[in-house]
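Okay, so chain A shows up in both of these, paired with chain B first and chain C after.
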Partner chain A sequence: MTTAVNTASIGIERSPGLWSLAWKRLLRDKIAIVSMVIVIAFLLLALASAVGLVAGGWNNEIAKNYAPPTWFKGSTTEEDLSKSNKSAAAGPSLDTGLSRPEFVNDRDPLRDTITELKQQLGQSTSGGADEIKIVDPLADVIAELKKKLGRTGDGDANEVEAEKLSSLAFGADKWGRSVFDKVVQGSETSITVGFAAALVATLIGAFLGALAGYYGGKTDDFLNWFYSIFNSIPYILLVLAIAAVLNKKGILTVVLILGLTGWASIFRVVRAEYMKHKARDYVRAANAIGASHARRMFVHIFPNISHVILVQLSLYVVIFIKSEVILSYLGFGVGVDTVSWGSMLNEAQNELILGYWWQLGAATLFMAILVTAFSLFTDSLRDALDPKLK
Partner chain B sequence: MAAYIVRRLWQIVPTMLGVILLIFFLFNVVGGDPAYLLAGKISNPETIANIRKQLGIDEPYYVQLWIFIKQVVTFDFGQSWSTNEYVSSIFATRLPASLMIGIPLLIVEAIIAILIALGVAYVRGSLTDRAVMVSCTVAQSVSILVYIIVFQYVLAYKFGWFPVQGWGNGFFENLFKYASLPILIALVVSLAPNIRLYRTFLLDEINQDYVRTARAKGLTENRVMLVHVLRNAAIPIITNLMIQLPGLLVGLFLIERFFSIPGIGREVILSVERSDFPVIKAITVYVALATMLANLAADLLYKAVDPRVELK
Partner chain C sequence: MTTPLLSVRNLRVSFRIDRSNTFDALKGVSFDVMPNQTVALVGESGSGKSVTSLAVLGLLPKENAKVSSDSQIEFDGKNLLALSRQEIRELRGDKISMIFQEPMSSLNPVFTVGYQIKEVLKEHKNLTGAAADKRAVELLKEVGIPSAEERVDYYPHQMSGGQQQRVMIAMAIACEPKLLIADEPTTALDVTIQKQILDLIAEIQKKRGMSVLFITHDLAVVGDIADRVVVMRNGEIKEQGTTKEVFSAPKDDYTKALLSCRPAVDSRPKRLPVIEDFMAGRAEAMRSEQRARGVRDADPVVLEVKGLCKDFYSREGLFGKKTFHAAKDVSFKLRKGKTLGLVGESGSGKTTVGLTVMRLHDATKGEAWFDGKNIFAMTEKEFLPYKKRIQIVFQNPYASLNPRFTVGQILMEPMVIHGIGKGGDDRSKMAFELLSKVGLPEMSFYKYPHEFSGGQRQRIAIARCLTMKPDILICDESVSALDVSVQAQVLNLLQDLQDEFGLSYIFISHDLAVVKYMSDEVMVMSNGEVVEHENSDTLYQAPKHEYTKRLLDSIPKGLAAT
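Let's look at the complex of A and B:
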């Protein structure tokens, strides 16, 4: 502290630290700036979507079934449009076969029966909400939809039908929901899962790696054995095995699956760094002034290797975003009340054969842009933080 | 050499034991009681007790673990819960299809990726190099699902160049008719990351002194690149290839699923969907074993490629 004051008072510039140097290098890199802007734009979009500013109404059927994108409308024939008009005019969407399962379940007579039975058993219906959820996983969605319908009036089917749009910016899906809203919601899901799982994996991997590298000996042997177990099972197989065991859907489950299986690669890197650093002079000096093991590990060494961890974290985000898409595609990922690019691709697969390519296009485009930008940003980050590696 | 192999095989034992413990913990402890899954929706306590007895899960954990270890050692995992097919027969009948896709893929992919990587490493820093690198990054960012959906739709469904899906009985029929589009898709997906990787391996070598010496003594560029540089970059490339080997068994699960190819990967997804624990357990344990053996094989190959490597 005193030295810093002294150098400042005699007018010698403080030498720039690792982070400010890296930041300068990053700003000199055009690719880094562009990719950073794109990533930040996605983060803001996800945030806006999370607080409900954008795409809050993704689940509303605002357009006709399979309404094409606005700019593509010109090339669709009148026949197509009249066909979709006809199906829309055919009456309440419940009877067309294109209705959404949520609405079918809304009229599920079982739900009332369950409530009745509960009342007979002397249980309060409100207390049984969780149990209903076990029986009917869509109960939450239904409750939410009911609330929405209650707010907008009586939900007059004909009135809603009349307002339905014949085209949307990115088109509409099977049930007339906006593909744009869905793809934005999908971004939120992907970014949430990607970052949360990366954080979980990094915390586990870095902590165990620090222990193994710092203490060495028996601790190292044990943790290395533990690592070799995870390392010998192909990643995707382990992910699927855990998905089979948990047999549950939802964002939290996906985060746990990916985080708990993915920690092995950062363990290796952090362990090597700790082994390198623990014998350095500054750590020995810290020992000499009486710093505890924990203090040496996390206060002294950790800041010196945090740039390595940051790059690994960034790599994880890309891997986990891609994995989440595959899990959700297979139906082991997020539940039906959440949109994911993976579940969009699942729907889009059948739509493509019918010629409705826009959901596939939108999900692919958004995912490709985010993942490309994030990969390029990770590369630039690595180069900026560790110029020797280049 | 023999002593080294024996020692390495011996080292597999504790890791394998760990894998068994992990799988046991996941499926027998966390996984809960499978009897309810098996008994179906309508079940009475007697059926469940009966099933529990059949599966041996009414025994204490240490007995169950012992049963599991015996199953692993004797290759006898009993029957699948959903199809009653013997797990050993599932392996025997699904493995050929996975290998039929995996092995040609690995060979073709290695050759193409190494050649392209050699090319871009040679002209490093140029516009071609950067263009290839950027296209690799972009290509990697598109989900494998999109490649499969689009390729299957365009090449098989629209143009009819390949069968949309299916699998036959004859070796050549499968290889040339049914396996070609899946291999092509897997090739497109795996080329991008591997070109990038091999390029960095080659760049590490290309600035070494021996390369300058080779040029100074008047060797042709082809000889410098193909013999000197490639030979020295071979170790990391071989490691990468060997690491990919066990992953081929399950790594192509999406492709196998889309094209209805009766391989191990498709079996994994099916058994996850059906909560068919014996099949998943067996596949996980044996693929882990295959991974460890592949790592050993990689280390032995190093010795063959680079005599300086000492096997410790």
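Let's look at the complex of A and C:
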């Protein structure tokens, strides 16, 4: 505003607005400060991981597979370790874990059928390369994937194995990747998804809610109808449908899925606020001085309900971080080339039976801390913004 | 000399605002209420009258209110300040009861009125079953509710505001209290109903021989009913005495100002004397200088409204529509530099007319000729340049200013919209000028509305209208929410602005005295229709219509009636 010049020259202290008062109140709240520090720490962590300062090499296999957490090493019996190492060594190679090597053995359940089929087709059972192709149809894909991920073939495996660590701070996963790096990388994914999706949902919901609440009448009826239809479809089904339509895995997809399905609750809140405020005298006064609809909606009413939107936004972040975990766990989340807390939990599902709980533990721990801190922060934020201004 | 029923001695109450600051709400208040006596506690907002009543009832918030240790409140021989919460609760509603300002929000909407009366009876008199039913009906009859047997099963929303207040009174007297505290019981009511309720309270007081502590900001209403008057200001008692003494020979300047800053029906000084004028001793001179009012046919017309109708629809059932005629065939001419007063009780359609004229509502039918054009026939876009020429000041100054805007932003917004002034510096200069014109310090420019009092906020609202240099200013109950002394200041301001800029006002109010003071001609409305339209002096001296007569009769006249 151009009056800034005046302020400076006269040297008048501006009166504190809503935000500075709320900020002061927030700083008086001990829980708010603690939770804020934790959330900021997570944000910094995510930022550091995004620019590659931390956990850049999460995909490197630096330890033995299923290496236990450092502090847990002592309590793991040597037997266990050696057994796991042995079983690992028994496999053809660590790296080819993906390529179903066991299937060459007697254990392939389809072996008999295939033999039979081949016999029927008049082919010899010892087809060599042919046979392998039939047994493992994914071999090509995997080879390609490996190339993409920068992994070398089996030849290098021995070299790498020589340097591998027997334990890591948070343990290692199936491939020997550091669980700590993974969980940090997962934080980045989850926080990005949580914030971006919350922003998308808030933009959609707040905008439609403002239209519905402000104009009322037919606009309101139509948007309510739209919202009811959206809400009448079971959530997971809707997510599946959108995932199917977008047909591409990745962070952007997850953000879109969550954003497009999650706008309903903020729509209702903002709509109600606009209905309340549009009848207030200050909005009528704005009409009287000739302010346009858009001006009344976004210049006059919006600042008066922005605290509601902010609280809803931060609620969304918590909800969407959890949703991302669920989606990734169900396999609709981020692709295999990214790691998120959800995909870690997914992997951990199989590992848990074997007793390798550290991946599950790390992902849960990080998620629980962030979600709890953020929820508490949201509560404090709501308290601080509660418009009890005179 | 009998012993007083309630004796308040040296009552000091302070509130803690934050860690270091306290606010002294009462600075040593002493007064007595004798048995069978009505005492009026009069003062403006912030005078401490409500704090006094809360202290008597033991309802002060424990967390931040502190009653000084040498204070004494003695009721019926008991020291109320020494009683435990439980003992005070038993006393409340039984020996001391209270009625509040807003009957609608004081009654619980989900219970019938009979149930709520019986609840009081059960709590304090242990009366249940048929006996309680019978008593509830008796009480409703006593407060003058017609066909009480039926109404006892009504819910509060099925009754009018006046009837609700009667129910509140019935609840309050259910236990035959010795002391009734009435906190602004008529402020939210229309003038004719206010008179009925005042009469009812006076009647019950006499019949039952109880004492009444009547709290109000309006000195005029207590003239009829009070035996003694206590005038308070800023937590101190300015004057107390019998009603006659206070009204006919007020000693304190503040009391004098309170008595005369409220416009009277029979005189119209050029400016209303405010408290500062009394302090400076120039009030008497001001009172003698009278202002002539009235319109002649030769006066130029700014706005002519012909046959204005406004209907509202409410949905009834699935497909039905119910029509409510808020304004029926209203026609008038507004003359340049003159004021048209619009009077009527709530629901009479006076506000509807005001809002429709400036197109905040769309007219159902009718024409409004302004500057040679029918503004009702214009599109929103065509109307925009005219919008700034017809402006409105709303009733509630607490609601009509955007709480997130600084005063500077509020004042500069209309200039931005209408392209008044060149650039921000020019506009802020104009805003500063307007602030000093409406009597606010320059510092206000940087403050938010919540930092101002009601009167100051109304000045800001007026200044906002002035930024657009309007021809017509609609004042919709613009002074009704203000204290009388502040009201006088704002009325004076409006008067000055009219003299300076030649503004035409449409002055809407339920307060006949204020309308009389401000208006050249007056239109009386009832149920959406204009029942009388006259030059104001003629109308007040010789009302023709029944309704107008009834309205004029209900004006509280202070001591004049006794």
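Of note:
Following the convention adopted for this analysis, the second predicted complex is superposed on the first by the 285 of 390 C-alpha atoms of A that agree within 3 Å, B and C clash if a C-alpha of one lies under 4 Å from a C-alpha of the other, contacts with A are read in each partner's own complex, and residues count from 1 in each chain.
One rule holds for everything that comes next: a contact is a pair of C-beta atoms (placed from the backbone, for glycine too) under 8 Å apart; a residue touches a chain by one contact, two chains touch by 3 or more.
Here the structure is a predicted model, which means the values were calculated and not measured.
Legend: residue contacts after superposition of the two complexes on their common chain; A:L354 is shown touching neither chain B nor chain C. Of the two partners chain B and chain C, more chain A residues are in touch with B. Contacts of A:L237 after superposition: chain B is touched, whereas chain C is not reached.
Touch criterion met: A:A286 reaches chain C, while chain B stays clear of it. In the superposition on chain A, contact of A:H300 is made with chain C only, not with chain B. In the superposition on chain A, A:V51 makes contact with neither chain B nor chain C.
Residues 358, 360, 384, 387-388, 391-392, 394-396, 399-404, 406, 408-409, 412-414, 417-418, 423-425, 427-428, 443, 445-448, 450-451, 461, 464-465, 468 of chain C touch chain A in their complex.
On the side of chain A, the complex with chain C involves touching residues 1-3, 5-7, 12-15, 17-18, 280-282, 284-291, 295, 300, 303-304, 389-390.
Within the complex, the chain B residues that touch chain A are 14-15, 18-19, 21-23, 26-27, 30-31, 137-138, 140-146, 149-150, 153, 157, 246-247, 249-251, 253-254, 268-269, 271-273, 275, 277, 280, 283-284, 287-288, 291-292.
Chain A contributes residues 225-226, 228-230, 232-234, 236-238, 240-247, 322, 325-326, 329-332, 341-342, 345, 348-349, 352-353, 360, 364, 367-372, 375-376, 379 to its touches with chain B in the complex.
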